[in-house]
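As written, the chain order gives the labels A, B, C, D and E, with residue 1 at the start of each chain.
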Amino acid sequence: MDRTQFLLGLALALFSIGLLGVIVRRNVLVMLMCLELMLNGVNLSLVTFAQQTASTVGAVLVFLVFVVAAAEITLAIPIVLLLVRDKRTLDIDAYADLRG
Amino acid sequence: MFNAGLPAFVLNLVLFLPLFGIGLLIVSPSDRHDFTRWLTLAVMTVQFVLTAWLYTHFDGSVIGLQFETRLPWIAAWGVSYQIGLDGYNVLLVMLTAFLGPLVVASAFSAITKDVKLFYVMIFGVQFAMMGTFLAQDLFLFYVFWETMLIPMFLLIGIWGGERRIYATIKFILYTAFGSILMLAALIYLVWSLQTTAGVTSFAIADLVKVRLPVEVQTWLLAAFALSFAIKVPMFPLHTWLPDAHVEAPTAGSVILAGVMLKMGTYGFMKLGFPLFPDATLRLTPLLMTLSVVSVVYGACLALVQDDIKKIIAYSSISHLGYVMLGLLSLDLIGIQGAVFQMVSHGLVAGGLFLMVGMIYERCHTRQLAAYGGLARLLPVYSVFFMILTLASVGLPTTSGFTGEFLVLLGAFKAAWPIYQGGHSLPLILAVVSVSGVVLGALYMLRFALGFLYGVAKAPHLPLSDLNGREKSILALIVVAVFAIGLFPDEPMRKTEGAAKAYQQLVTTSRIPGRAP
Amino acid sequence: MIETLLRNLDTLLLFLFGAGSLAGAVLMIVARQPMRVAMALITTMVCLGAIYGLLGVHFIAAFQVLIYVGAVMVFMVFVIMLLEVREASSPRFSQVLWPGLIGFAGLLGTAIISVWRALPLPVGDIGQQNYGIASFSATFLKDYWLHFELTSVLLLAAVVAALAVINVSRRVRHG
Amino acid sequence: MSSMLTTIVLLPLLGFVLNGVLATSFGGNRVGKPFVIAVGCGLPILSFLLVIQSLLDLRASGYAPIIENAYRWARIGGSDFGIAFYFDRLTAVMALIVTGVGSVIHIYSVGYMAHDKSFGRFFAYLNLFLFFMLLLVLGRSLLVLFVGWEGVGLASYLLIGFWFDDLANARAGKKAFITNRIGDAGFLLGMFLLYQGLGTLDMDRINAAFSTASNGSPVVMISASLVGILLFIGATGKSAQIPLHVWLPDAMAGPTPVSALIHAATMVTAGVYLVARLSGVYLAAPEASAVIATVGVATAFFAATVALVQTDIKKVLAYSTVSQLGFMFLALGVGAYGVAIFHLMTHAFFKACLFLGAGSVIHALGGEQDLRKMGGLARKIPITFITFAVATAAIAGIPPLAGFFSKDEILWYAFASSRGGSPLLWCVGAATALMTAFYMFRLLWLTFLGSSRMTVEVEHPVHESPLSMTGVLMLLAMLSALGGFIALPHFLEPQLPLPSVPEHLHHFETLLLVISVMLAAAGLGLAWFLYGGSSARVDRLQQQFAGAHRWLSGKYFIDELYEQVIGRPLVWVSDTLFLRLGDRFLLDGTLHGLAALGRSGGGVLGRLQNGNLQWYAWFAMVGIVGTLLWSWRHV
Amino acid sequence: MISHAVLTAMLPEHLLLLGIVLLILMEVTSRWQRASLWVALACVGGAAVVAASLSLSGYSATPFAGQFSVDPATLLAKAMVLALALPVLLMSRDDFADSGEFALLLLSSLYGACLMQSADSFLTLFLGLEIMSLPLYVLVLLAYRRPQSAEAALKYLVLGGVASAMLLMGASLLYGASGSLGLDSFAKALSATHPIAGDGLSRAAVVLVVLAFFLKAAIVPFHAWAPDAYEGASVPVTAYMATIVKAAVLLAVVRLFGVSVLASPMLELLAVLPLASIVWGNLAAMKQPSLRRMIAYSSIAHAGYLFYALLGAAAGRLQAVAFYVLAYALMNLLAFAALPSTADDVQRDWLDNLRGLFHRAPFAALMIAMAMLSLAGLPPFPGFIAKFLIFRNVIAAGHTTYAILGLVGSYLGIYFYLRVIQLMFMGPDAAVVPAGRTHGLAMAASLICLTAALLLAVFPGWVLAYF
């Protein structure tokens, strides 16, 4: 197995596991963390390719992803707090009022 | 701008007067209903007068457009605002303009709810109908064609009867379905013109030059025909009509029966068949069979209805089957007959719906069984009713005869040589369609029998006979009915050129590669 | 010999950290307590940081640890601690567990098979000069200063947004 | 005067318009009776005078047909549909009958309808009828004829249902109209076929085309018989021949002058006129002629049998009319067109007289029409009796009255014509003649002779009718008596040549003449025998042949048969098959099904949107997997 | 470094930024908060005017090569997005009366939307998308007139995060395949004529990127967030999401697609899923009890039409999308602006409460009716011309079957639009009529939309000439 293949496979696995976590974990905070995991997978892929193609731009994008990930969490947490204030639970099943 | 000077300008005026009327209504006070009514009537009357003036200046022997206006509209797509009178539309435009004031006047006492909106809608539908007939650009035609649905939807839905919502939704879903496929076909057609001839144009005059393989033509015609056949309506696409007619307010029924159904047959005549002659040839057995089935089926159904509006509604299916038969016969007599059957049906069915509306206003029921012996109670009403009934039956001297006779004659005349050539279907169909003459008498006289004769009874007694306004409306219609029945030659001169052009277009193959 | 070993050691470490990050990821799915999930995520991140380092992208490796572990995860852990008490008895997995697992298998499979054929790509040089902090910063501020500025706009927007949420919370609390 | 014919036609129309607008409740009854009478009777009489004038003109011009173009109805491409009038010998005869008999019946109606509320309406309708009838008779083209043809049907419809408060009357009118329409369908097809073949509808041209057509001209040869039969279908409707005869007896629901004018003298003979007018076609169509003869004689016989047992005075006369029309068609079928017209004329005289006489009786009895409630009226209304008796004798074929001559000629040609005459036709015809004599004298006896079977209330006010009625009766009786001396077949011969008679048959002529006189006498005797004394004989006979009597008085149950075979199936097909199964179940059902499918589809999609974020994410995941798989296509 | 081009080319963005800064200052100082709406209006309007006039003058510049460039089409897209935001601002008065936060977040979001239009690389595109989305998540819950708003925001945020991840993964794979993060490499990968299109890496990359945009534009099966988010948000925000966000995403997609020529299997992907959206959205909308939710499903269907536009030839894509977006957005805005406000946010657009609206508020009823008819794509309203344009392009590109299927799918949608009209005009009046009226500013907004829409309907050729 080639190194790139390994790293890319790992990146895709992280991405997929992240999405899986978003789907199967009930806890809202865990879901958010799984979202972060997805972005980590992306980052790994980007770095792999950046190194592979010997260009900086991938690394720059990784940097941007850091910032955006941080910003997303910064926004998500207050929203979660707001939700919890209402229903006093982190179980995502409780937040299914809008439907149909 | 106006190629033909004053008449072209007047034609535009005719088209846009209803919009002007809407403008007037919007700025007029909304609580003075009588003012609204008379204002509408005045605008409609002006429209009719102008149309009549144009009619007298129209030269029927000329093939092609008269009083034409053509302005670029969406230049990039080759869409233009192009309107004009030709033999195809001149009588129908006249009919539309003629029925307009009558419809308005008929609603004076019937409509008391949302009066202003009602007349806005009437103007709207009048505008759209005029536009559909006048449009000489396929895109413009389609826009008007579809626009018409909206005011009609509201007319039925707001001022209709008990099941108006069901009826109006059914109406619009039915018709819109046809239109959707027509839209696809229309785009394809224009695109074909663009790829084969390098011309980007929606002008009907350009589109009748497109050469397409017969399979493609068949698909396109099927799409157009679906839309038109729903509007006509032809069996088996007719079930919206009885509901729409029954639930619509009188004015709506009159517009529907008087003008809107003719859109379908007009569409076939102006677009469907001339655009795709080879496909028409191919589909003629099917379409002709369906027309004749419509004739018989509609008549049979009219025979067993208890609701007086439904009788007339189903009779429309039957009568418009004749129109289709005439158009498909491709015989000059049949074509002219079809045109006259359109006009006649507009007058007669429109008049009958007006009359039903008048009695409904007095008695509030449409059940045939609730009435009897109206000839004793309402002598004036009964006379008008009888005349229109007989016109519907197609009695000679009335307009109904002119249409029916010429259509049947034309169909027969065209079918006989084919029969001698070994194909008997057209002849069988022509013969079967003659049975409509009998069935027509059967259901209309059953109607008249229960309605006018026997022991006098009505849900609301005493009844007042027709007032001056109603008499004038009906008298105008009756005069027109007799005029067309007795002296069809003069209007026939107006449509002569178009009938020939139609025949020519439909009988000339347009498969690519073949010599024209 | 040593060089070969070193190179192999390099590869070995890469695999090791890779396996570590994967284990952390799997742990995130199966761990019951959010705090453990957070720890697993931190593990994964650190392992990834190590991989970045091994790949020579030290700048990113540093940021991975600083921003992710140092800032984001600390914030996360803080919030978990704040809310954790109430979450003892709730089940781990949602109703979508099995469909989710099937979908996951499908996703991973299709994704890897999709990209697999294109690999391996021609290997490029690992240019240390490209990814050195100094050179990277220079490139960043020279060629990508627009994005640098834009991140500030983004952060500004995020801050304003977060404040807005907090304002909403405050409004709700006061009725 | 070049617009004479047009004027003849339009005068009654003017009467219709004037009376219709001014003297009915439609127009508010603005004028009184004198105006109605003046217009209603005056204009037909004026028409009659103009017809005479035209006849004189015709004679002056050596009987060259007068053609008068009114206007062009329509021109389409090469086809020209003109409205033109045509006046020749045949037209002259018909027009004279129509306007002449018409006028006197108008006059009769003045008395008969004197107390009716809708006096003006009645005269308006009568005038309308005359207008259309004249159009029918004077029209040059089949189109004009057809306009009149349909128009008289309308007038008939309106007049049968004149007293429309009773639904039965209106129903009878409707039945007449519908039955006629069935015939008209055939008429139309025949007309189309002619137009297709010849390109014209002018009847003189059609006749000429057929007579000059060489045998090799296939279009003409194929279509002649077909055309003939199709047009004859139209004639069966109008002239109440089998199988479309059912409407005429019911049509007696109308006022009696109407029955006399329309359903005896004029309108019902339109079919005869049509065939005679298109004799050119029928001469070229022996098969069609054979059909006509057969149908005619069958109708004559059949109607006569029914007439034997009818108890309604007008029904007897109605079936008698059907029967006599059958005679006329018999004559047409064997090529004796002139004779048919001759019988048409004499029939117009005596049948009008009979109907008007019956009207006088009904008038006298205050509306009673049942023969079983009459009797012994001869003394109370003598003029009616005498005129009625004369007409009865005429129809029965007692020489030298009118009916004798015409019927005898028909029977002769039925026997001897080289165009399809046969002994069989004669036998059936003769039997019919016998029955005719019998049922007519039965009628006479039951009505006027014997003892009275009337109730006192009915009997007491019985009185003779006013002069306007009796005068007309006398006039018609005189015509019935003397009409036979008008040598009409001879007059028409240049136009409608009589068929040749094979040499070897000539010597039968006297024998047959004698036989037919004897038959008439036998009928008279039989009626005297059965009805002259007590009713016991009749009752016995009735019991003896109870089955036959039931069939006859039930008119062979043709109406019921039609109802079962046509009426009910039509309604069943319309209601059950088309409306319920077709429209509601199949068509609307499909649509409602589709709509329900759409709605439930919307519902299912709405349930998928279950509010759970993780399902949403799963959708996305499935979407990604599916799309990636899809993207492998064509790899 | 700081050249003239940077100032001029980014002037609309700068104006927005200026607005943001001013608004922050006003927030921080807690002064002149009443004026925040006007400041925002001025900035957005100014930016729109600047963008439009730059576009009309044919300005194009590339201040950051390979990252950010402007040309007339880009500027026009920006002008459209910005101009459409004006009615949203106007109609916000009822829900966000005394707070500058709405304007602040809206401007931030618009900044991102504008940025997307100029993106030349995935870096810029990604940043634009995030700058647009992050404030949007908060906008959804900002009014917080019910607890479900936060739920809506969370759903939007999580799925938006997934979309970002998908986009980035796609971009990274593309980066691996082509060594570049420029948008042109995407167009190349998408295009059938380029050899790279055959290889799995770039194909997977293209799929992921496209799907990320599908998610943002709410295409089935990535649509599920939209109904919930639309319903949970307050009316102006719903209007913003349904119109401007969708417009920005689609216009960016057009830029992304560039001059690529679609070929199988990407062609099917871009036909089938939008087609499914059309059908799904139209069917699911039939039974919706609230206008916002109905519009959400309607927007799913409309997203389908918009992606259909990409099936057409490359040259006509921008025109079709832009015109459609304009017509569609104007009509949505018209409907939302005319909707009378009530004390209870849930009640406001409950369809049952619209019963008999014509008798209570004829103007609002007529406006909404017109909007519905236009959204249904019936002539003579601009929605028809827009739909016509799209299907014309699709057919001209030879995809007749897809066009017919799409049209039939659009037919399914007629019913529920008409149902709104039916309720407003034909039904009996609502049992409990919630008091409510249309705010003056909202009225102005609807009039602006109406005028523009009429212009669009009557002179479509004139408008088309600019794209």
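One rule holds for everything that comes next: a contact is a pair of C-beta atoms (placed from the backbone, for glycine too) under 8 Å apart; a residue touches a chain by one contact, two chains touch by 3 or more.
Bear in mind that the values here come from a model prediction, so they are computed numbers and not experimental data.
Trainee: To reach subunit E from subunit C by way of touching chains, what is the minimum number of steps?
Mentor: 1
Trainee: Count of steps on the shortest touching-chain route from subunit A to subunit B?
Mentor: 2
Trainee: Which chain is most remote from subunit E in terms of Cα centres?
Mentor: So the farthest one, by centre of C-alpha atoms, is D.
Trainee: If you tally contacting C-beta pairs for every chain pair, which pair wins?
Mentor: Looking at every pair of chains, the most contacts join A-C.
Trainee: Taking each chain's centre as the mean of its C-alpha atoms, which one ends up farthest from the centre of subunit B?
Mentor: So the chain farthest away from subunit B turns out to be C.
Trainee: Let me have the rounded angstrom distance from the C-alpha centre of subunit B over to the C-alpha centre of subunit D, please.
Mentor: 37
Trainee: Centroid from C-alpha atoms only, then distance subunit B to subunit E, rounded to Å. What do you get?
Mentor: 42
Trainee: At what distance in angstrom does the C-alpha mean of subunit E lie from that of subunit D?
Mentor: 77
Trainee: Can you check how far apart subunit A and subunit C are, centre to centre, with Cα atoms defining each centre and the answer in Å?
Mentor: 7
Trainee: Two-or-more-chain contact residues of subunit B, please, as numbers and ranges.
Mentor: As it turns out, subunit B has residues touching two or more other chains at 173.
Trainee: If I count partner chains per residue in subunit E, which residues reach a count of at least 2?
Mentor: 123, 127, 130, 134, 137-138, 141, 154-155, 158, 162, 173, 176, 200, 203-204, 227-228, 287-288, 415
Trainee: Please set out, as single numbers or ranges, the residues of subunit A touching at least two other chains.
Mentor: 8, 12, 15, 18-19, 22-24, 32, 48, 50, 52-53, 55, 57, 60, 64, 68, 71-72, 75, 79-80, 82, 92-93, 95-100
Trainee: Of all possible chain pairs, which ones touch?
Mentor: According to the stated criterion, the contacting chain pairs are A-C, A-D, A-E, B-D, B-E, C-D, C-E, D-E.
Trainee: Per the contact definition, I'd like the list of subunit D residues that touch subunit B in the complex.
Mentor: 24-26, 71-77, 79, 143, 146-147, 150-151, 154, 157, 161, 164-167, 169-171, 174, 177-178, 181-182, 184-185, 188-189, 191-193, 195-196, 570-571, 573-575, 578-579, 582-583, 586-588, 591, 595
Trainee: Which of the residues in subunit B come into contact with subunit D in the complex?
Mentor: The contact residues of subunit B facing subunit D are 170, 173, 236, 238-239, 242, 297, 300-301, 303-304, 332-333, 336, 372-373, 375-376, 379-380, 382-383, 390, 395-397, 401-402, 405-406, 408-409, 412-413, 416, 430-431, 434-435, 437-438, 441-442, 445-446, 448-449, 452-456, 486-489, 492, 496, 499-500.
Trainee: Could you please specify the touching residues of subunit D with respect to subunit A in the complex?
Mentor: Where subunit D meets subunit A, its residues are 606, 609-614, 617-618, 621.
Trainee: Residues of subunit A touching subunit D in their complex?
Mentor: 19, 22-24, 92-93, 95-100
Trainee: Tell me, which parts of subunit E touch subunit B in their complex?
Mentor: Residue list for subunit E touching subunit B: 358, 373, 378-380, 384-385, 388, 391-392, 395-396, 400, 403-404, 407-408, 410-411, 414-415, 418, 421-422, 425-427, 460-461, 464-465.
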